[in-house]
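Shared between the two complexes below is subunit A, which pairs with subunit B and subunit C, respectively.
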Partner chain A sequence: MKSEQMREAVMKVLGRIAPEADLASIDPAGSLRDQLDIDSVDFLNFMIGLHSELGVQIPEADVAKLSSLDGCIAYLLSKSAAS
Partner chain B sequence: MALEIIEKKLADLPVVPNMVDYERVRADFKWETAGRELEGLPGGRGLNIAHEAVDRHSRGPRHDHLALRWLGKQGEVSDFSYGDLLELSSRFANVLKGLGVEKGDRIFALCSRVPELYIAALGTLKNIGVFCPLFSAFGPEPIQERLSIGEGRVLVTTEALYKRRKIEELRKSLPRLEHVLLIGNKGPSLPGTLSYHALMAEASAHFEIPPTDPEDMALLHFTSGTTGRPKGAIHVHQAVIAHYVTGKYVLDYHPEDIFWCTSDPGWVTGTSYGIIAPLAHGITSIVDEGEFDAERWYRILQNEKVTVWYTAPTAVRMMMKVGKETARKFDYRNLRFIASVGEPLNPEAVFWGLEAFGLPIHDNWWQTETGGIMIANYPAMNIKPGSMGKPLPGIEAAIVHRHKDGTVQVVEEPNIQGDLALRPGWPSIFRGYLRDEKRYRDCFAGGWYITGDLARRDPEGYFWFIGRADDVIKSAGHLIGPFEVESALMEHPAVAEAGVIGKPDPVIGEMVKAFVSLKSGYGPSESLQMEILGFARTRLGPAVAPREIEFRDSVPKTRSGKIMRRLLKARELGLPEGDISTLESEE
Partner chain C sequence: MEAGTLVEWRIQPGGNVKRGDIVALVETEKGVIEVEIFESGVVESILASPGQKVPVGGVLATIRAEGEAPRAAPARLYISPAARRRAGELGVELSKLQGTGEAGAVTMADVERAAQKGIEAARPPIPSAEPQAAIRRAIAAAMARSKREIPHYYLAARIDMSRATGWLREENLKRPVTERLLYSVLLIKATGLALKRFPELNGFWVDGGFKPAEGIHVGVAISLRQGGLVAPAIHDVDKKGLDELMKSMLDLVSRARTGTLRSSEISDATITVSNIGEQGVEALFGVIYPPQVALVAFGKLTEQPWAENGMVGARPVVVASLSADHRASDGHRGGRFLSAVDRLLQEPEKL
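Let's look at the complex of A and B:
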């Protein structure tokens, strides 16, 4: 899967958790939690959403790598390349 | 079911606990005597929380002792000795005085766990103002309601939250809110706001705490009921006696302890135990600005050499999901005692603590209204996993049945379910709900404070939580009033009716779920579902907004129009029809 498709998938999952957020204006390097006003529980749901959308298993220990949009895409790409 | 008891042997404990013999301490305990362990204002001028938490230590041998270590999100560290806190809290008290803020005025804070929050709290108490911290994940509506009920005169917040929570807009409906102090703004001030830092720099570092009556109002904590607006529970300065006593007997503070309470001051635990109790004992308290992250937390426990840790079941369950292998990668040789509060800790979690940290997790029970821990598992007392423990020395707890005529019958027989009730009279019991005398009075019957929780007491005197007596939702340890959520949903143009329940969730206890019926002309669709969800989040913030919305043709109500949340919940849980019909006729 290409970076652009991955980005779209991440946006789709985020859009279901924080539908009010202006996803187009996200700073891709900044913290998703801070920018989108999502809390720990939302973030857990984000991980679950990524799993059901992309079939990627995210070990809880890797969660910190997914704190920004860029981080998410890089992590998910590395996972899909490895599988 | 055979119950496994975790036995405590004094010889196994690394430090002799402050309370070795529960029954004996309980038999001898008197609040008047306990209060003498605090200093009181010099010259017999009363009792002030900030004096006990800061001034008395900073004017003695603890002047240079580390009081607060702040850990920033990005790895920053700031240390504050008791001497530093003396200076900074005095400056903030002078800032308030300079603004003409008087005794009893309410000072609200809306920010993440930054050092300024702690300084504002202590400075407010010095100036005999009333400190009211709001959780930073609240949206504009919960903020507006609380500022309005609490008649906030000053708000301390950040520029980012001022904009995101639309405070400027809210101020039009908050005529009493005179001053907004912004933390961390670098550029020119936003119109109508003041710079916290500029005011602090100009203020004097010397402040003498005025005479303070132990019954003077000190803290205002909001909590939620089933119906109506949020309730502002009033606490007074002598609540510090209960904070001190519970720090001593429940959290077992010793002079060289490094204590970490993970709760946010926006919730009562984060104020009573994240600010006051450890400082009242002159020990070191860790404050972490970051959100939950298992590995970060383990690293803090290890690197900061935390000895006593106070956390919450939701966090424990999240750590359990990560797995004990991760937890075991770190070194907890300094950690001596783990406690948890917020909702009942399931026995698996108590045992998980043993596997992950080599220590059981000690559950305890209290609520916003009680101001401090009331029922607990103590270091030297055997644990019955799943039980909240036994009442604190000085606290009389009972299971009661409340009759319709207002009388109360104490249930002496063990293992009978009833209302958990406490005999009023301890120093940190709430003194009222601000401007809501009726709801305050309704909490008391037959000489008891009725907590709203259902419980049972076993033959050995351990209490076991059963559930809430009302429809209040307990999510991630925090109470959420369904009415507040329903009211916000009803403001959406497509929503005709809304019923909100707590849906059981394995990690957070209960998840806020809304059932919504639509006005004619609107049809259910995923995009409308998302629109309403986003609408609710914008108004209520992520901590209060529903996480799930389901459309229904109608929302069940009683003949008098009351939403039957219990029926919605029964249906959600797939309870048998028989149960449902009983519920319906009862309503």
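Let's look at the complex of A and C:
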């Protein structure tokens, strides 16, 4: 999967978690939780959504790597390349 | 909450329904809620149309119990159990009521109007306002009533969370993402278990007295990013395991975001729990949601110096606070309740 496709997949899941958010204005390097004002429950739903959408396992130890949009895309691309 | 707008029916006349089915969607000041049915049978008639304003307690449809003969259409007074009960409380004679709902159904508003002004023609419903303004008004009404009527007392206790967070960390390392536990679920479960021993904090102040709740249904405070908050209930918290509670919470928050909470979730909470610590505050002394009699809040998890057995170390610590109605309980019992929450959190594996 290419970076742009991965970005679309992540945005799709984010849209379900924060339906009222303006996803186009996200700073890709900034914290998703801060920018979208999502709490720990929303963030876990986001992780579960990524797992369902992309079939990737996200161990607890890796969660910190997914804190930003860029981080998510890089992590998920690396997982998809490894599988 | 006084009224909502019917969005969609999920049943048809002649169709079968069973207790617990979702029969309609209604938009309220707390978002779109799913209306459940509380008896099984056959849908006899539908009394409201999509887009119509429907009062809380108003009759939306009639259900015929299985085996019951079809009702003779005219003559029967259509009135919901809630409106009938209210009429009894206010001394309003049912036979003199004029229903303004669909097919002449008597609504809660009809009963209230009849009680206040005698039998009068019903006025048209208030035009719907912006949903956010409606949420704000609902919060304003509830909070003003709380501060006006409830003599709050407030208690706080610092709780060492090192065992709970340590256990959680280890547990989550073993779990796939779909089965992961959040820290807040431990807080909710500990609160639910502690309430079993302090029933005076779990229930309602109604008609000048305390009425203990039959179950422990924790209202989880969820702030809505577009403004306002809701506190839908997780039912029977004391009886559910952490995994089941976790699934309930993920589902509840997800549906609160998309505006598809159920009517029973909105109305059934017997106490409220806030995990406002996620917003960075160290403690909250909340305003009780009437007619509930208590609110428990957990502040931010912070690392603090903690002395134990003559040794000082850094521990993750949370401030647990209780806002309680002094008409229903006293500070002594409230303090013991917070101690019970503390003890339960020291043995997270038993939650």
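Keep in mind that, in the parts below, the second predicted complex is superposed on the first by the 83 of 83 C-alpha atoms of A that agree within 3 Å, B and C clash if a C-alpha of one lies under 4 Å from a C-alpha of the other, contacts with A are read in each partner's own complex, and residues count from 1 in each chain.
Just so it is clear, a contact is a pair of C-beta atoms (placed from the backbone, for glycine too) under 8 Å apart; a residue touches a chain by one contact, two chains touch by 3 or more.
It should be emphasised that the depicted structure is a prediction, and the values quoted were computed from it without experimental measurement.
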Subunit B versus subunit C as contact partner of A:64, first or second or both or neither: first
Touching partner for A:15 - first (subunit B), second (subunit C), both, neither: first
Touched partner set for A:47, first subunit B, second subunit C, both or neither: second
Partner chain(s) touched by A:37 [first = subunit B, second = subunit C, both, neither]: both
Doubly contacted subunit A residues - partners subunit C and subunit B: 18-21, 37, 39-42, 44-45, 60-61
Footprint of subunit C on subunit A - complex, ascending: 17-21, 36-37, 39-42, 44-45, 47-48, 51, 57-61
Parts of subunit A lying in touch with subunit B, wherever the complex brings them together: 15-16, 18-21, 31, 33, 37-45, 60-61, 63-64
Subunit A-touching residues of subunit C, taken from the complex the two chains share: 169, 172-173, 175-178, 180, 182-184, 225-226, 249-250, 253-254, 257-258, 278
Parts of subunit B lying in touch with subunit A, wherever the complex brings them together: 73, 137, 164, 291-296, 318, 321-323, 326, 475-476, 507-508, 511, 530-531, 533-535, 537-538, 541-543, 547
